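We just call them A, B, C and D in the order they show up, numbering each chain from 1.
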C-alpha cells in the first residue's frame, strides 16, 4: 500500500531523504491519535493568542454560501425555506406563533469549509496509517470524523501574498514555497510559530460571482515544498481565500500532493474559501483565531465560519 | 396583522403596560436593521471578554450531530460519505491521491443550532416588522438571513440551573423567570450585563441518546417573564442544553411565546442543544464566547459549535 | 371555508347554476373515496382498451429527467451516482462484483409527473372535502396519497391540437375549451368517453432545452370551460406535453382554476410534461394507456412514464 | 480486466465451457447496444401479450414506499410534504388556489425498483464491455442510463414458488435453479418464452413491516444456474417479491453473481420488491406486463410500479 508514496519520494529525491526517515503512517501523537496538528494547541498558546485582542474588532472568515457558490464538481448545495404546518392559519396558539425552517441538500464541501483528516489520503491510506477499508462507512467515517476536532483556538497569521506580489489577485499557478512564505512573513514583520493557523490572502476569492470559471480552473497557492515548510513549523491549519489552498495547476504531475502532505502525512487542517480581504485591508497580520466547526458525526468536511479577533 | 399581539397583551395586562409603550415591530436600531441584538456587541465589550481568558481552556459547545440525534419533528439529518470516482483505482495521479467527500440531506435545525431572526414571528410578522410575504423565498429569505449575523464574540455567562435547583437534571416544565435567574446569578457571583450571551445549564442534554422521548416531550427553560428580563438586560443571545431553550410545557396556552419575545420582539438570538456540561463541571461561569455560524445565504437557522474560552 | 368557492361561482354565474346544485366537497363515490376519477376504470373498459393494441408499437410518454429539466420554481431535481465501498478494490467477493447506486435530491414535481388528488385545492380544502389540517403531514399526506391511486389502465385519446391549429407549436395562452376539443376530436374521428385518459399534443415540449424561459413562462392548454366539459365526460386523467396542462396566462384572474376543477372538484388526475410527439406523428389517436406510478407513501405527485400501446 | 471472470469460470468449469465460447463483454446486439434484453421485445410479442387480457383486472406490482421501507444499507428514502408560499394566506388568486408539493431525499434503490444495466458489473466492467471509467459520471452515467430503457411491454409469467414448495413463505437461502423453475412452470401449466418477464412469488415480501430484520438478512431466490437458464430462454427481465431477486445466502463465496449474470453478462433487467401476492392468489400465471419506469437521466435504478393486466 505504501509503495505509491515511496515512488513519490523517488521522484523528489532530496526532499525524501528526511521524510523517509520517519514513516508518515505513524503519527507522532501515537497510534490512536485522530486529531493530528490540533495537538499543537496548548492552553499557554490560547492565552497568548487571546492577548492579541487589542482593538476588539472581529472578522467573519466564512463567506455566505448559497446555490450559486462555485464548488468543486460535482458538489453543489441548496437550502429550501419552508413554513411547516402553517398553510392558511394565522399561527399556532392564541399568540399566533409562526415560523420558517430550512432544509438543506447537497455536499458539505461547498463554500467556506474545513477539511478533516478523513478527507484526503494516499492510495486509500489516511492520517496515522488508517486504511479506508478499516474506517469507511457511508453513514459516517468510523475514525477521523470532523466531529472529533476540538475547537481550533490559536494565533492566526495572515500572509498577504497579493501585497507580496504587488497585485490585487495573485495569478493562478503561483506557488508559495519557503522563499515566498519567508519573504512575505518578513515583509510583514511576523514569524510563523508552532500552533499557528496560517492564512494566505491572494485576492482570488474576489473572482467568486464575477468569473467563476477562472476561479475554479486554477488558483495560486501553497506548493509542495512550502507545505513541508509549514508542517515543519508545526502549524495547526493552513487556509486561503481560494477553493483548494494549494497551487493549481499543480507543480508536478502529482495531484493534490499538498493536500496529502498536510492532511495525510501531518494531520494539518485545511481551510478553504476563507474571506481574508478585510484582514488584508486592515493589515491584520496577527490575531486570535477561533473556529468551532459544526460537528457532523463521522463527517469528512465541515461548513465553517472561523472568527478572527484582534 | 398586529391585532394578535395586542390581544396577547390584553391577556397578560400588567406586562403589557410597558411593552405597549413601544411598538415591537419597530427595532430600536432603525427600520433597516436585520441583526437585532448583535448590535449590542461593541469592540470594548469584545476586548473585555477577551480578558476573561485566564487558563487557556476551550470548550466546544456544539454536540456531534448524526442521524440518531433527536430533533423537532419532522426534522432529521443525515450525511453520506462517498469516494467520488475512485472505484477500482489506486488513486489520482502518480501520487495516488484518494479522497472522501460527504453529502448531507436534512434540516438545518437539528442538534446544536442557532435560530436566526427569520425563524419565528407573530402572525407572520417577524423581527423589525418584516412581513413574511415581503421576505419569504423558498430559495432563501430575502431579509433576516442567518448569513447576515456577524460573529458573536462577547462575554458568555453560564447559569447552572441544575446546581441552583440542587439536581442533576432540572425537571421539564420548570420555568426560569427573574427570580430564578437573579438568584442563580447571585449564588454564582455573576451579574448579567448588556452584550452577554447567557447559557443555561440544566442537565437536560444528558437525556440525549438515553431517553430521547423524554428529551423531546418537554424541557426546563426560560419563562415569558424571564425572557423579558433578559432582553431588558440587553443580552445578545440566550442558549441552553435543551432543544428549545424555553420551558415546555409552556406556562400558558401560548405556543413558543419565549421565542417570540426573544427573536421577533427583541432580535435576541437563541442557541439550542448547547453542550454546557463541562462548563458547569468546571464552574466556568464567565468566559469569552465566540460563535462564527456557517452562513447559509438567506438561511433561517445554522448548525453551530460555539466556543467558550477561559 | 367554502365561501371562497361560492364567491367563485358568483363571478362565473351561469356555470355555477349546475355546480351549486351539487356540493363539490362531496364526492359522488362516497365520503371515504380517495381515488376520484380512477373509479371510472372498469374491467370492461380495460378489456376494450386492450383491444386497441393492433400494431404492438409502444410509446414512452415520460421524458428523461435530469438536473437541466426546467421546473416550476423553486423545484429542482438531481441524482448523484456513486460506488459505495468500492474505492480501490477490484470488487466484492471472488467474482469481483462492482456496482453503481444513485441518490436523489429534489422535488417530485419535476419533468413528467402525475398530480395526485392531494396536490391542489380551494382555500385549503381538497378533493372530497378534505381539509388540509385534517390530512396534512410533512412526512406524507394522511389521505389522498399518490400511493393509493390504482394503475391507470384505460383507453388513451390523443388530441393533436398542433394539427388542429395548423402549427408546430400552439401559442401560449391558447385555451382549449369545448369548441376546440370537440372540433379537434371530430377532425381526428375520435370521441371522448367515460374512463378515457385525454392527452393534448401542442408541440410545447419541443421548447424544452431550446427555450426554457418561454417554456416556463406560459403554455397553451385546457381552459376552465373545457375542464368542465372533460370532467363532465368522465375522463380519468388529462395530460399534455406542457408543464401545467392548463392554459397560461390564465383566462381570468383566477390562478390554476383548471387544476381546481380537475383535482379538487372532480378527482381527475393531471399528467404533465408528457411526450406526445411520436403519438402525434403516427396519428395514434386511440391507444391502450397504462400508468403504474411509483407509490410514494402519502406523496403528492409522482414521477411517471406512462406507456401508450397500440 | 477480464481475468476476474476467467477465474470465475475456472471455478465453475463445466458452466464455462459454453460461456467462454462467447465473450460476455460483447453484446449480441452489437457494440453500441445499451438496452440489452429489451431488444427481445417485438411488436408481435406485444400484440400476443395484449391478447392475454381476458378479465380486465389490473395489478399494481409496486409497493407503497415510505421512510419505513427496509432497504439495502445504507440506502434510505424520505419525502417531505410542504405548502410553498401559503403561510397565512387563504390561497392564490380570487379562486384561492392552495397546494401541496413534495420533496424527496434519499436513494433510488429503495422499495419496488428496477435495476438498469449500469447497476452491477464484474471488476468495474459492465454490460457490453463498458468500463466504469469510460461512462461513470457522478451527475448521471454517460452510458447504460435507466432513461434509455424502452417501455417493457410483454408477456408476464408468475412462478408461484411458495405454492411449489407448499409454503406461505419460502425459506431464505432456497435457490431456484433449472429444476425448480421447470417444475414450478410445469405445475402451473406455463412455459417460459423469449421476451417474457418472469416474476417469482415467494411470500418473502410478507415480512416487510413485520420482520424487517429477517427480510433483509436473506431471501429465497434465483440461483446461478437458474439465472443462466432464464437468460438462455431470452427473458427480458426477472423479478421477485424479495429485495434482491437472487438467493441469499449466496450459493458459493461469490457475491451477487446472479446479478452479474443477468445485468452484466446478458443485459437482463432485475425487478425487486415486486408485489406478487394478488397475482399468486388469483393464480394469474400469465398476463400482460407493462412497465414504464421514471427516466432518471443517467440513472442506475428507477422506482417502479409495473402493471400486470389480465
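Assume contacts are C-beta pairs under 8 Å (C-beta built on N, C-alpha and C of every residue); 3 or more make two chains touch, one makes a residue touch a chain.
This structure is a prediction, so every number in the text was calculated from the model and none was measured.
S.K.: Once the Cα atoms of chain A and chain C are superposed, what angle does the rotation have, between 0 and 180 degrees and to the nearest 5?
M.R.: 180
S.K.: How would the chain A/chain D interface be labelled, same or different, where same requires over half of its residue numbers to be shared?
M.R.: Counting shared over all numbers used gives more than one half: same.
S.K.: Averaging only over C-alpha atoms, locate the centres of chain A and chain C and give their separation in whole Å.
M.R.: 48
S.K.: Which integer distance in Å separates the CA centroid of chain A from that of chain D?
M.R.: 44
S.K.: Find the geometric centre of each of chain C and chain D from their Cα atoms only, then give the gap between the two centres in Å, rounded to an integer.
M.R.: Distance between chain centres: 26 Å.
S.K.: Going through chain C residue by residue, note those that touch at least 2 other chains and give them in order.
M.R.: In chain C, the residues touching two or more other chains are 74, 78, 80, 82-84, 87-91, 98, 103, 105-106, 123-124, 132, 136-139.
S.K.: Are the chains arranged, by touching, as a line, ring, star, complete graph, or other?
M.R.: Chain contacts: complete, every pair touches.
S.K.: Taking the touch rule as given, give the residues of chain D at its contact with chain A in the complex, in rising order.
M.R.: 73-74, 80, 82-84, 86-91, 98, 103, 105, 137-139
S.K.: Considering the complex alone, what residue numbers of chain A touch chain B?
M.R.: These residues of chain A touch chain B: 4-5, 7-8, 11, 41-47, 50-51, 53-67, 74-75, 78-84, 90-109, 112, 118-124, 132, 136-141, 145, 147, 150-151, 153, 253-257, 259-260, 288, 290-301, 303-307, 309.
S.K.: Considering only the defined contacts, which chain C positions touch chain A in the complex?
M.R.: 74, 76, 78, 80, 84-85, 87-89, 105-106, 123-124, 132-133, 136, 138
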